[in-house]
Amino acid sequence: MSRSSMWEAVGGIVRRDLLLAMRRRSDAAMSVFFLVIVVSLFPLGVGPEPAVLRTIGPGVLWVAALLACLLSLARVFTADYVDGTLEQMVLVPQPLAVLVVGKVFAHWVISGLPIVLLSPLLGLQFGLSGESLGVLVMSLLLGTPTLSMIGTIGAALVLGVRGSGLLVALLVLPLYVPVLIFGAGAVTGSMAGIGAEANLSLLGACLVLSLFLAPWATAAALRIALE
Amino acid sequence: MSRSSMWEAVGGIVRRDLLLAMRRRSDAAMSVFFLVIVVSLFPLGVGPEPAVLRTIGPGVLWVAALLACLLSLARVFTADYVDGTLEQMVLVPQPLAVLVVGKVFAHWVISGLPIVLLSPLLGLQFGLSGESLGVLVMSLLLGTPTLSMIGTIGAALVLGVRGSGLLVALLVLPLYVPVLIFGAGAVTGSMAGIGAEANLSLLGACLVLSLFLAPWATAAALRIALE
Amino acid sequence: MQWGSVSEFFAMGGYGLYVWTSFVVTALCMVWEVLALWRRRAAARVEHRAMLLGGSNETAA
Amino acid sequence: MLQAVTLSCRRGERRLFSDLTIKVEPGTLLAVVGENGSGKTSLLRIFSSLLPPDEGSILWDGEDIHQLKELYSGQLTYIGHLNGIKDDLTPLENVMSAINLTGEACSRTAAQEALEAIGLKRPVHRLPSKVLSQGQKRRVALARLWLSTRPLWLLDEPFTSLDAASTGVVTQRLHAHLQRGGLAVIVTHQEVDLPVERVQRLRLTG
Amino acid sequence: MLQAVTLSCRRGERRLFSDLTIKVEPGTLLAVVGENGSGKTSLLRIFSSLLPPDEGSILWDGEDIHQLKELYSGQLTYIGHLNGIKDDLTPLENVMSAINLTGEACSRTAAQEALEAIGLKRPVHRLPSKVLSQGQKRRVALARLWLSTRPLWLLDEPFTSLDAASTGVVTQRLHAHLQRGGLAVIVTHQEVDLPVERVQRLRLTG
Amino acid sequence: MSVNWSKYSAPMAFYPLAGRLIPWFACVAVALMGVGLYMGFFVAPTDFQQGEAYRIIFVHVPAAWMSMFLYVVMAVWAGIGLGLNARLSFMMAQAIAPTGAMFTFLALLTGAMWGKPTWGAWWVWDARLTSELILLFQYAGVMLLRTSIDDMRRADRSSAVFALVGVVNVPIIYFSVQWWNTLHQGASVSMSTGSKMAATMLTAMLLMTLAFWLYSVAVILSRVRCIIVERESLPVWEEEPPVIQKVAEVR
């Protein structure tokens, strides 16, 4: 179990998942699509008043991003579980938690990163200004990996359980709340001129915390699921 | 292929799906919980001001209901496809479209109806008044079956046209948008005193249309998926 | 003691509805929980009797 | 009587078989053999009408099944690679709902008897199917054969992951079906232990 | 050397086996047989450390695998009921990523040779695995055996849906593995065509 | 040490012990509740700001506190269960969840009852309120995850993992008031008067809290007994205590 073979394994997993995503480009596009639909729906439902839109903008963007993450979560482990790849993953001579990080990273690249990259455009639609846009991107950049990390715990817990799509939402959304509050808070703060540093650093803390804790929880959940 | 044996088959499918849901009594609870959580996320992101919340309330409620439908619909056929039940369904001596209606109906009872029933409570939380609450329930009652019907086309297409899932998304999500606009529009209209009849009857038209067209499209998509 | 009469007590200074709903629902929840537990216990025992009569006593081994 | 007329089938760029003409008489069984990927499953799915052939047609009692549509579906029992059972339902519920699905009624006792016939004991009838072993799941799928009154059986590798005893039981059931004048097409890698006059072998050479 | 010491396993309310003690020496194969649902797969999963036993323990070269953890995983190749291949990847990519996953490198040619060894021809290497036939998918999973240098092989019904030729090929590969001093535990309903002195049979009676 | 531990953690050894403890907790709980209610309604004075509506505090605050406290306790049991692989711990965690959820619900309901007269709204989207709602979802998550999984062993462990992960949220719930502008008045409502009257209020509230705590212990213990009966396939006990001893020894 040398260090290099560990990287080999993690690299292997990341590469494979990205390859699979390329095979199914549509899946990756789904989360972005979803984001756009949800976000552009609000002006339609709420009415075109710019003041209202600007007020709700950060919140709506963040909630939409969070839901997009959630939707894509269902895919993280289910396919692997059904076709038996997960068994093989658990039986690999590297610590499972490390492989999980690789998987989460791939997942984030596929479904989180596009959201981050797209967000300024959507922010513009809600009339966010230059600086707030920066904060929005920054908050999403810190927040979406946290969402992925937390989400995989839920995804692992519900493997093989019926109605897992909704169950995973029920499990994960409460844990998402702090991230949402800090994330939306950062943008609102910067719009109100209060400054976003406090919220952003809290987001960073969440990221670090989840990076250290979530993989272990996920690994434990995976092992339990396969028993 | 007598008429009675057709009812037998449809009844069989409805019964089986409801039974499956009862096995997981939590399923019905789940879509309700999901709705409540998603609805609570928006105030967290947007902030607690009652005036703003009342404005966005109908939109939020409708988006949440749609998401709950969407999440649970993604799986209507997947399980059947993977475990081979779908093959059996297609080989039944009754018209497939009729069976599809049975399946959608069961699905709606499990996940759509609870949402409709719960919506007044959530409306109250957003400060909607008595009459608007009625319109909200009415719009959901007309809208959620439509969402289910349309959603099944997408669900069936996803089984077959794996590679071009992007196309599926492009196809189904725009079909959802009118339902949303009419639905949220009905509630906003009644809040603004404009009246909701126009929007509600448009919703009804959508329902009738989808009831006539969707099952055939779904049946065709299912056959293609199994070839 | 600040209550002049029983009706005053129940009126709770005009807030009777809120106060008593709170207390009564709390009490009901607790009573319901206890009753539910009672029933559950009875059911569990019945099942066990049945199992014992059925003679599946493998745990003794 | 089941007939395949100048059937041909292409998957992707490969021609799996072409100009296949064969006849299955009542009371006989067609055993399709051949190596992996030679097109046995594809042929069976064409027989079942799930897969349309590229050329040729299937006739049932002289009529094209493409015309017969649901009428033909009412004549057959198909059990594929996949078991078609729900993990969350018990074996009993699975059998009953599979039969109900075809528009027939199925009593609880009938389902129980079918399950027992294929060697699943009573306690197992009550477990959720997902905890069953591979072979037990296959048996649940095959239990439908004991409730089927359809004349045509299409079975894809029915003996997969069955133990020797169950294989014997299923073979007996097949025999009874043939004796009653039924037809069957099965795909298999094993020998089928049936009287030779009842069995017709078709080897696909891919 | 692989040892099971006073192993017992309960699933739900059933005791599948108890007090099972057995030893597998290098160069030999343990064939686990028994009827459906007798606990063969469960036993294999206990051997693989996927399933913790209710009592008893598994020793690898005298050490408890519960202690060895990842070190033990590095010793084994496990192929279960499920193939563990991705429908959207080609057989070639599947084999390569399966090997990469274990932390080893795998060249394209090595993977190709493995696939050819088990009888999958070049054109098939490029198809997405989902269009393969049941037996071809199983072969893709088994191709890993040609790339495995691990001493312990755990195979659950490896011959399922394989044709006779492939069954022979896999058996030969098993033989070579044993001759190099490897160990294997396999679950099967068929006879294994290996020299008797190499094979130890364990019958589970459920 | 491991021997001792496993002996006391054996569900059937715990069963009779729990049976002996329940009546005590139940009786004291009822007694304290009586005293607390008496003090709350007859000794504690009327609040000069809110009038009599404030008396909801005597159920609201104990319920709210129990809801958070029980979650932490549940998580601790879950953690012990995962760490030591002790069945009894999982059973305790399972037994706590419904009661915790009930108190969360009660806190929400009584809060709403209090909110209407004081804030003029049943519900506002305030940090404290929202986070209490989220706590309810966490309880629901734990329970639904458990019922969604058939295999008992997996159900135990999966819901334990989730309960443990969720405990991160409890401090966040507690401190969210500081991160977010809030309507919920915290301590300012009741005790700021700082006089003798506040002291009787405080006493009544604490008595009620203690009573709720004892009630929870009693209910949870008896639920755990049900769970033991349901899950351990053992003969019924307490009628003939010697049998228990025997079985315990054999194990």
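Letters are used for the chains, namely A, B, C, D, E and F, taken in the order the chains are written, and counting of residues starts over at 1 for each.
Keep in mind that, in the parts below, a residue touches a chain if its C-beta (ideal position, glycine included) is under 8 Å from a C-beta of that chain, and two chains touch if they have at least 3 such contacts.
Please read all numbers here as calculations on a predicted model, not as lab measurements.
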If you check the contacts of subunit C and subunit F, which chains show up for both?
none
Pair exhibiting more inter-chain C-beta contacts, B-D or A-F
B-D
Determine, using the mean of C-alpha atoms as each chain's centre, which chain is farthest from subunit B.
E
Averaging only over C-alpha atoms, locate the centres of subunit A and subunit D and give their separation in whole Å.
45
Can you check how far apart subunit A and subunit E are, centre to centre, with Cα atoms defining each centre and the answer in Å?
36
Using mean CA coordinates as chain centres, what's the subunit C-subunit E distance in Å?
55
Out of subunit F, which residues touch more than one other chain, so two or more?
134, 137, 140, 144, 148, 151, 233
Residues within subunit B bordering two or more other chains:
20, 23-24, 26, 30, 33, 37, 44, 47, 79, 82, 162
If you look at subunit E, which of its residues touch at least two other chains?
12-13, 81, 88
Residues of subunit F touching subunit B in their complex?
121-126, 130, 133-134, 137, 140, 144, 147-148, 181, 183
Taking the complex as given, what residues does subunit D use to touch subunit F?
128, 130-131
The answer for subunit C against subunit F in the complex is residues 1-3, 9, 12-15, 18-19, 21-23, 25-26, 29-30, 33-34, 37, 40-41, 44-45, 47-49, 51-52, 56-60
Under the touch definition given earlier, write down the residues of subunit B that touch subunit F in their complex.
24-26, 29-30, 33, 36-37, 40, 43-44, 47-48, 50, 53, 124-125, 127
Taking the touch rule as given, give the residues of subunit F at its contact with subunit D in the complex, in rising order.
150-151
